[in-house]
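Next, two complexes with chain A in common: one pairs it with chain B, the other with chain C.
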Partner chain A sequence: MYSFLRLSVLLVGLVVSAGSYAVKAAQPLTTADDLGPNVEQPFEFPHDRHAGDAADGGMEINCMYCHTYARRSIVAGIPPVQKCVGCHQNIESVREAPRIKKLFEYWDAKKAIPWKKVHDLPDFVRFNHERHIQRFVFAQGKPVQEACGYCHGDVKKMTVARRQKPLSMGWCRSCHMKDHRIDATSTKTSQGPNDCWQCHK
Partner chain B sequence: MSITNLLENWSDFRHQHPSEDRPHLEYKWAMSIDLDSCTGCNACSVACYAENNLPVVGKEKFAHGHSHHWMRIERYWDNDGREFADQGAQFLPMLCQHCESAPCETVCPVGATNHTADGLNSQVYNRCVGSRYCNANCPYKVRYFNWYDYPTTDNVWPAPMEQQLNPDVTVRGKGVMEKCTFCVQRLTVAKSDARTEGRLVLDGEVQTACQQVCPTGAITFGNLVDPLAKVGKQWMQQQVDLNKDKQAKDAAEDAVKLRGYRILEELRTYPSVMYLEQLRESAI
Partner chain C sequence: MIENGFNRRNFLKVLGWGGATVALSGCGNTSVEDGREFVTSYAETADYIIPSIGTYFNSTCAQCDAGCGIMGRVREGRVLKLEGNPESPINNGKMCGLGQAGVQAHYNPDRIREPLLRNGDRGEAITWEKALELINEKVGSVNPENVAFLTGVVSGHVKALLNNYLDALGSGHHYVYEAVAPSVVRASNKKAYGVEMPRLSMDKAKVIVSFGADFLGAWVSPVHFSQQYARFRKPDNGERGVLVQVESKMTLTGANADRWLAIRPGTEGILALGLINSLAAAGLPVSEDVAAAVGEYTSDRVSKDTGVSAEHIAKLAALLKERSPSLVIAGSAAEGYAHGSQNAAAIALLNQVLGNVGQTVEAPSSVPFPQMAPSTGNSFALQSLSDDMAQDKVKVLFSYGANPVFTAPAFFKLKENLKKVPFKVVFAHYMDETAVEADLVLPLNSAMEDWATLMPEYIAEGAQLNIRQPLMEKMYPGTLGVGDILLAMLKQRRPDEYNDYEDFYSYLRSAMVSNKDALGGADKDDDTFWETALSHGVVKLVGEPVNMTGSMSAAALVVPAPFAEDATYPLHLIPAVSASMRDGRNANEPWLQESPDPLTTIVWDSWVEMHPKTAAKLGIVEGDIVEVASKSGAIKAQAYLFPGIHPDVVSVPLGYGHEAMGRYAKGVGSNAFSILDPVFDNETGELAMHETRVKVTKAGQRVIIVKDEGPAGGSQMGRRIALRIPSNKVNLSEEV
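Up next is the complex of A and B:
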């Protein structure tokens, strides 16, 4: 019935298919890197110091300690100043560091820190942090930093976070068309949603 | 859905939906509208404007047919040759019927309108090139085209009115087609919440904007797959089968008078909206 379409589809498909098979062949979840712009923040927040491995002098703090909404909301959330101060008022050793002084300036002025958005998706995209964290961290039992890293890159080695992944639709799909185990023990797999309205609003 | 995926699985996306081999497994969103309860108050239409960032185009453009009422109230006068009908107008809220075999989907040259697994007729603005074939092929005329860039050129939402826009719904630009989505932004949230708790969306957990505001409760919305859903019970009670283009109850000689019907179902569009006929004194 759609044979006239099939022909044209075949022709276009020939060009495109080469690319798609290349994507399919790459099974591990490490995906293409595409370094984003340097985002100028009010002051430097050292992600490596907080979330990095102990061997590299990091504190190995769980991403979700500060980005606490990731597991229960569509957005991961930027922590309020209160959260920073909650720990830092008890850490005397770095109290005089310039960054921490800056932090307490905002705290004393009762002002929110105007952090800039690093991973900014277009307005027509509906991305849900909760779904991804529930699936990969809570169902599959993947380490948090690995699961967050699929999209956010190796944040534990960055100071100021910088976009590392392309965050384009084809890139999202490259992961959505892989077979993911439904939980830690099961051999059953399923793919991410393949439905325009799941992500486009 | 990437373009490669679209091309590779073209026949799947063009699948005629009411079929034995591809049943709806988890969700099939459907609606029923009781015309006997409908008072034609237009609250549903207003709620839709608020929920879905619809531009109010003004009197002149409305007269040109450029309006954007995804949910519109149609009026029918049954006046039997008299100047005025005894019982006033009959109202019929008309919205996208989310046909299972939608005529608009097959004619889109770029695959911007597709059928989702949940039985929704989706419209993806980013892919739409504005050919308007879908509108031409829609028997219900429920697709609306953006002839102008309403937010900028027409200043439909002068500051600070843009603050009332729903962030979960795209503000459409010039040159794309748009239509009722069954409030997909609400469905997505409800589905996600249910998924986290490891269950399906319960009946009544999610409401469309029009359903939520209807003062007489004329609109019922829910999951047709769910045996406990009110909408499914209504469909069953009225003996309206989603997958039939001719209902068995209409064929029977001594047909019991049931009120349920679907508009233009003989066109084999298999619409997801069932209407319950208005009871009029003249009909009794």
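Up next is the complex of A and C:
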């Protein structure tokens, strides 16, 4: 009886581990898109209107005008409400739009807007925005929207941001294994870090 | 019954396979949790606030009364870690372990969150309005003479408010109580040097002889003294200083000393006089009356009385004569006796004979605002309060910054005397032993949520006023700062004067700004001055060195002969003040319970430290639960054998043995305060903490002591890791 129990526990263990290993092994190093879930936000923020191309009616605002912490900190951050209001108090044309009314409700109450995280890595992973922005935007001179877009997709075409990429380890590695030029003028290249502890806490 | 079933071996097999399964399947993409958590965001924020990057704010440590400046690292609105404030001359950017645990006082789960009013044996939550109204009513209904305030050390604007409140009542009953304080030394210093706490320039001294002052661990201002000590040990130029520690129980400072001399308890004064005698014999010029006073303290007699060998006395005298200036310090081991004042006076005389006064014993600076200077406390104050309560002279009692029910020895009968007070208000962070006895408990802000100014007793350079400011928002909306409570109470008495101030912050700001000329801000506008003060955390004041006008009369100095043997209670009890636990006020911070005692490495419990020889005589081995009984009571704790203690002495650390306070303090260890005998210093009336005589008996049980030290009792098992030679093989005059 007990040996049967033991055997079954071991078998189950084997099957589960083999199965999960197969899943892991099948995961390719890919840049393929992997659409995340729709995240419901307090109100819809039109990224396309703010950052989109002028031809599409966008304002072509630099990502880092609002996500100002990206070049200075681990996180890109959400701008304080005062930044939204800084512009919008002078834009009378949309002042009565429902989303803007919502914005001013938060501002009048001096409350932060409870935005949800759209790109939320597991707690054991450290991803540093500053390093990536400094390398790709400031050293290599890549356009900001392209650099941010490596991970965040074409946000300028979205309203509420939605995850476009898998953000899995294999996916990170697919880029870290490529040769990247060390700056705009050099022909020298280097790869992204390969050490476990660079990303894993 | 399961027999022969899922045994340990199979359990481990399954555990192993299960573990491998988890490891192989890993943590997949499922942990990308889009849309579950909120982003940290603000309505308005300063430019320097960057998410995930810490901002430092300066404040003042509240873990002990040394008044070190701290910087709190604040990230996303939460204080994470404390560092020393480099601008504070007291600690110059350094900090101790006790201070580090300050965040645990702030985030402590056992903090009281709303005012509690006694209802039978329960506390019932009430509003602040009701609590303050109740105070107004009770204070108004009694003779002001019967209102008493018991506090710990108070200084700065809180002290000013407190004094104004007492003034408004027309009563002067403010008892300042410190359970563990150098109060006899203060009184003796006042006599000898004209100041209670002279500035000790250890870095200028070439020899330090410390009579039981644990200045690296728990004495007065340890972080400051540690830095002075480092410069004394490794001066920029000149020789490495020599530290000789004379005490009956080894302290952290004793463990760092070049020479640790185990002295028979209470004979510190005799040794000091003996040293003067030896110095005079060696040709050091001493006045005639001093020579006459110490004439009979010959090396042989002193050696016999103190247990310190004549050879060591001669070496010590030679060292002191050869190296000048030196510094002699009287610490808690010297002052804790009925003749503590005489011991301290003898030690002060030694300093004077050596010519140290004015050299290494220097004048502190005067304080420009005496109304904000610290009121230091002593145990005599508690004694007087206890007597007053016993005689029904106290009708309304306020208690702040003290936990007398825990720290008063049992013979005080404080708990019973407290019951005679009809209305007791306790300002508290935790439901400690005193708060449990209260009729009204007022929950305080933590030091990381509070506004205050503080003036420490021991200031390293000039004079200074420390700022304490909130490092984050309040954890609980129902707590208040002590300043806010006092201000609200003052509004009841003097509305015209205080109604303009919305809260303690506005009072503090206006009081500081209106005095900015004297606070070094004459050339700044109000806002700039205030912002500067807050960003520095310290306001440096200009003070003149006070005159050291003490007088020492050698003729009046009488140091009694050593203790007679006591057949019933043969051993001396030394209640030890450890660097982490002190008087037990921080016992509910688990880091402090968890950090090993520096000498014994014991954690989370009390212990009875005794010499291996004494233990052998009593048949005690390590881990035996022993009963330590004095005339006044008995406690039980585990025995720990330690060679760094005089064979006639046992030592139990203070601060353990709480019956209340919180989940980390309650029931851990035993309270050594409770068994202290009613013996007092002859001159000051201070409780003589080291006078208790005890007997130690085995209680029958034996436990494994939880300690960091290895199971072999700290032996190196033949591996020559840290080489050592026996102390009697060290030639002090050559070695050091």
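The definition used in the following text is that the second predicted complex is superposed on the first by the 171 of 201 C-alpha atoms of A that agree within 3 Å, B and C clash if a C-alpha of one lies under 4 Å from a C-alpha of the other, contacts with A are read in each partner's own complex, and residues count from 1 in each chain.
To be clear about the criterion, a contact is a pair of C-beta atoms (placed from the backbone, for glycine too) under 8 Å apart; a residue touches a chain by one contact, two chains touch by 3 or more.
Because the structure is predicted, anything quoted here is derived from the model rather than measured.
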item	value
Touching partner for A:Lys201 - first (chain B), second (chain C), both, neither	first
Which superposed partner A:Tyr65 touches (first chain B, second chain C, both, neither)	neither
Superposition-derived comparison: chain B or chain C, residues of chain A touched	C
Which of chain B and chain C A:Ala112 touches, first, second, both or neither	second
Which superposed partner A:Val81 touches (first chain B, second chain C, both, neither)	second
Which superposed partner A:Tyr150 touches (first chain B, second chain C, both, neither)	neither
Contacts of A:Leu121 with chain B and chain C, given as first, second, both or neither	second
Touched partner set for A:Phe104, first chain B, second chain C, both or neither	neither
Which of chain B and chain C A:Val39 touches, first, second, both or neither	second
Where chain A meets both chain C and chain B, residue numbers	2, 5-6, 9, 13, 16-17, 19-20, 72, 74, 123-124
Partner chain C, residues of chain A touching it in the complex	2, 5-6, 9-10, 13-14, 16-17, 19-21, 23-24, 36-37, 39-40, 69, 72-75, 77-82, 106-107, 110-124, 163, 166-168
Chain B residues touching chain A - in the complex, by the definition given at the top	1-5, 7-8, 10-11, 14, 114, 116-118, 120, 122, 124-127, 167-171, 181, 184-185, 188, 192, 195-196
List of chain C residues in touch with chain A within their complex	4-6, 10, 13-14, 17-18, 20-21, 24-29, 31-45, 50-53
Contact footprint of chain B on chain A as seen in their complex	2, 5-6, 9, 12-13, 16-17, 19-20, 72, 74, 123-124, 126, 128, 130-131, 134, 169-170, 173, 177, 194-198, 200-201
